[in-house]
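Okay, got some structures for you below.
In the two assemblies presented below, chain A is common to both, partnered first by chain B and then by chain C.
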Partner chain A sequence: MNTKPKRFRIFYLSLFFVILYIPVLSVILYSFNQSPSTAQWTGFTMDWYKDLFQDRVIVEAFKISILVAVSTSILSAILGTAAAIGTLNVTKRMEKTINGVMILPLLVPEVALGVSLLLFFTALKLPFGYLTLVLSHSLFCVPYVYIMVQLRLKEIDKSIIEAAKDLGAAKWQIIKTIILPLIMPSILTASLLAVAISLDDVVISTYMAGPTSTTLPVHVFSMMRVGVTPKINALCTLILVGTFVIVGFSQFISKKSNQKESI
Partner chain B sequence: MLKTKKIKQNAPVVPVLIWIGFLVGVPLIYVLALSFLSRDHLGNVVLEFTLDNYKRVVDPVYLKVFYSSFLLAALTGLITLLIGYPVAYFTANLESKKRSLAIILIILPFWISSLLRTYGWIILLGNTGLINNMLLKLNIIQQPLNMMYHFGTVLVGTTYMLIPFMIIAVFNSVGKLDRSLLEASYDLGASKWKTFFNITLPLTVPGIAGGFTLVFIPSLGMYFISDLLGGGMTIFLGNVINTQATRGRNKPLAAAFSVGMIVLVLIVLFIYSRVIRDKKEGLFL
Partner chain C sequence: MQAPLLQLRTINKYYGRSHILKDISFDIMDGEFLTLLGPSGCGKTTILRCIAGLEDINSGDILLKGRSIKDLAPNKRNVNTVFQNYALFPHLNVYDNVAYGPRVKKSMSEKELRKRVADVMELVQMSGYEERMPHQLSGGQRQRIAIARALINEPDILLLDEPLGALDLKLRKYMQTELAQLQKQTKTTFVYVTHDQEEALNMSDRIVVISEGELQQMGSPREIYNTPANLFVADFIGDRNIKKVQLLEKNQEYCKVMLGRSIIDIKCSECVEGPYSTGETTILAIHMDKMRISCDEIPNSLSGEVRLIHYAGSQIRTEVDVDGEIITVVEYQRNNCDYEIGDKVSVSWEESGAVLLPMEEDAGESNA
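Take a look at the complex of A and B:
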């Protein structure tokens, strides 16, 4: 009697997951198609990938994207961790307020945030490019770092910190020798996620990019507007593989630190 | 003495709060101010108070843009709920190994470039796309179906992009359900459906409201989806802001539209806070 609904559940979930992944898989599949059109499959080729590495604009945009992502990640890790450690001893009400402010950049729709930053930075006469990209990207990466590090901080056994205090450790000593080592895996995981988030941003980067410094997603977007070519498929597939390597690596770190703890 | 200690304790947070305030608060206030300023005939902003920008915002042509954007965001919320609720509910009831796999499959798209996920639908729905190819080969249709560049195409794109948010929000809510309530309901002879509508559904309202908020807000601003899948056939707020701020060079008008969009977001957040009031869980705040 119970098997009929159960079968329906499995069927519904499977159908959902198939539809969820079909668009992604078709992009990957057609990056290997010889014909430049998706109208027919004419055979397997790696030519579109070779094409990418000869495209100087793409290589240049890729370099800028990586540079921005790494800088953003370092800046966000420092700011997010500082904020999370800072909320360790504040009152519940204060913590709520701080959480509210921290989440703010994620609550404003991206276009509105991007345009307001564009207008603001123009008024400040900041040069658009690397600096504005890093500033804006860290804006929406800090909240993630903050949330992840804060979750880890709450798991720390308070009695260790009390013990250190009783033994006369100064506050910065406690942070340096106890708290930081304990939250380091979370900081690393969060930084890697910040890299991935920064590498994926289109909307805000469109406004923040300078005349000579376009990020990869902004360039990909402008390519997509022109039309479908397997070169875009190949580029997207490479970005996908790159992101998965980063995310996989961050998962590896967090798993390893969990294992250490259980021993 | 106590006070200075407290200030010292809060010290590390202060720079970060200032930093966020500086990069979010100040630009938004600047945008608000800018939306009341006029332009000279060259398109430069001049310091002169005007309500013209807002008069243009409430112009019927632009009100329609607000309406389309609201409709898109609301429908995206509704459809992600209708499709996503069962996914979340079924996933929560899976045995633990299968559940972990399902959760990974739900979260994984977050790490796939949003451009790629939008582009995937062009590959599928285009005139020479995979769906048309297949239908033509199977002789179901003689002419390729025209599936691109409609309101519906954009809706498919936003729904596809944001459904993981809805599923995760509902999933968390279902996970927190007190199982003993469900068992009590069955013991008292209530049917499966009755239990669902009288107990499960009301208790997962915070998850639904949270998911709806998480889906509604981004779908207002993802103009690249409406650009790529809608081809500018239906104009949404995001597209108007984007065009006016960059190519249109009408910064005050872009600012006024941004303010309008943020007001829309605030209304949704207000409704959300009302819905989850008296309930202990919430996504934020």
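Take a look at the complex of A and C:
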């Protein structure tokens, strides 16, 4: 091995990541800047964060976002897992069809999806707000859960399920005592992913939000019309940290479950 | 005579268009150690899975204690399986694995269960391992837990699907003895699937030989070894010289046959009955290790020339050229004479080691 190309590779990789993350870093940096302008750095302050927590609209939007995200995650975890377990007992061809239909919501452009949901919920006379947000978010979170859980299900040794049957377990007992415990790490990771996706969504939420229930990203978007204030920087920093925590946690779960059963 | 515990009646099984089991019928007696023996892909595991209920049969019937179980789900049949890869539940510790059966069937209280688990754990010599997780156990230990997990349900029949396949040779030999002992101790009927003839001959009360979905022969290890029902069994069990011979004469006791230019007598009680008529070609099968080489001419023997001597550990394999036919002799010591390559010798055999078999259509000389 020559050291020169190796050094170049390390340099290139570092440059790549620096360019990738500089914008993100600058947001964090400017959220601590005393000056409201991004033109200059005048000193360190926590004022913007203080401001943030005093803004009732933002706190309200944040609460709704969290509520929607958690509800979405629970709903899509249940639906996605049920669907994945359901495909255990169908033919290969049927499974392929189900897979296709399942993943379709991810391929439909969000703008189109938003319009159709808007029409649909209006026709149903559903009030826009919490309920429509959760339903529409679940629409594109269920596929993720379904895919992740199904991947895990495929890894389970068929003879384990046969052994349970052989030992006298009925279908529901097998699901309860064998399948669910084995796929639980995947369900948890998928739920966390659903939380992150739901928290992050702007396009669909813009259509679905009601007059009194705006999610945080939608609110940030409307704040931007007035211009980027350091308050937004502070808010974005918090969202960033929150996302990292969620992702880190899901990594932790899947790593731990991998260690546990390396038979 | 007692009624059989399990009866298989003309079972047929198809996967798509391929015919996996062809009219399989046999009985399993209470308390016996029965082995299904055959090469891989012969359908022996499928038979096991049909008994367990993990596969449906296309026609025929399975009777357990006289009652048909063919339409019962696996969890309603009182038979349990030890799977080839053990199939322990990876998320449950040893205790919970073993206790799984009684728990899902709610057949006993937790207190009673604790005692039962302790009993079976002692039976398989794994007491003290209750808290371990499956991935913390060695192959042999997992094997024992898989057996304990099945035995705790007190099944009418314990089905074992090549349970020793994944273990190394030494452990396999040891577990053979263990399993046979366990079977006698628990008086449970064992149905054991293997492709290893030595395992089958060592452990079983009776052996069912299967090839290409058809039952070839059923009998005690001794019967299977000494009097094969057909060419397949003769070739599959033990190492035999299998040669085409000409039947010259047949009377009550002996068949006179010609191999090359030698004319020899084969005792008829050891022959498989068949529609032989004189002049016909039949198959002579002689166990290699029941043959002897001597330097002097002896009656009723084959004379030939030593072609190759191969020392393989405790045994000596000698190839003798008898009129162009190669006969392999396995001896554990030099008997009568010191022969070298090129010497003229006589090859004789124990009468029980030689059988005549009817010619089959596609019977080649498989160990020429």
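By definition in this document, the second predicted complex is superposed on the first by the 249 of 263 C-alpha atoms of A that agree within 3 Å, B and C clash if a C-alpha of one lies under 4 Å from a C-alpha of the other, contacts with A are read in each partner's own complex, and residues count from 1 in each chain.
Assume a contact is a pair of C-beta atoms (placed from the backbone, for glycine too) under 8 Å apart; a residue touches a chain by one contact, two chains touch by 3 or more.
Predicted model only: the values in this text are computed from it and were never measured.
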Quiz item: For A:220, is the partner it touches chain B (first), chain C (second), both, or none of the two (neither)?
Solution: first
Exercise. Please work out whether A:168 is in contact with chain B alone, chain C alone, both, or neither, and reply first, second, both or neither.
Key: second
Practice problem: Using the touch criterion from the header, give the chain among chain B and chain C with more contacted residues in chain A. | Solution: B
Quiz item: Which partner does A:38 reach: the first (chain B), the second (chain C), both, or neither?
Solution: first
Exercise. May I ask you to decide whether A:116 touches chain B, chain C, both, or neither, giving the answer as first, second, both or neither?
Key: first
Quiz item: Taking the superposition as given, does A:240 touch the first partner, chain B, the second, chain C, both, or neither?
Solution: first
Quiz item: Where on chain A do chain B and chain C both make contact?
Solution: none
Quiz prompt | List of chain B residues in touch with chain A within their complex | solution = 9-17, 19-21, 23-28, 30-31, 34, 83, 86-87, 90-91, 93-94, 102, 105, 109, 111-124, 126, 128-130, 133, 160, 163, 217-218, 220-224, 227-228, 237-238, 241-242, 245-246, 251, 254-255, 258, 261-262, 265, 269, 284-285
Practice problem: Could you please specify the touching residues of chain A with respect to chain B in the complex? | Solution: 9, 12-13, 16-17, 20-24, 26-27, 30, 37-40, 79-80, 82-83, 85-87, 89-90, 94, 96, 98-105, 107-113, 115-120, 123, 135-136, 139, 142, 146, 196, 200, 202-203, 206-207, 217, 220-221, 224-225, 228, 232-233, 236, 239-240, 243-244, 247
Exercise. Mind listing the chain C positions that touch chain A in their complex?
Key: 52-54, 73-75, 79-81, 83-85, 87-91, 100-101, 104-105, 133-135, 149-150, 153
Self-check item: chain C contact footprint on chain A (complex, rising order)
Solution: 157, 159-160, 162-170, 173, 177-178, 181-182, 260-263
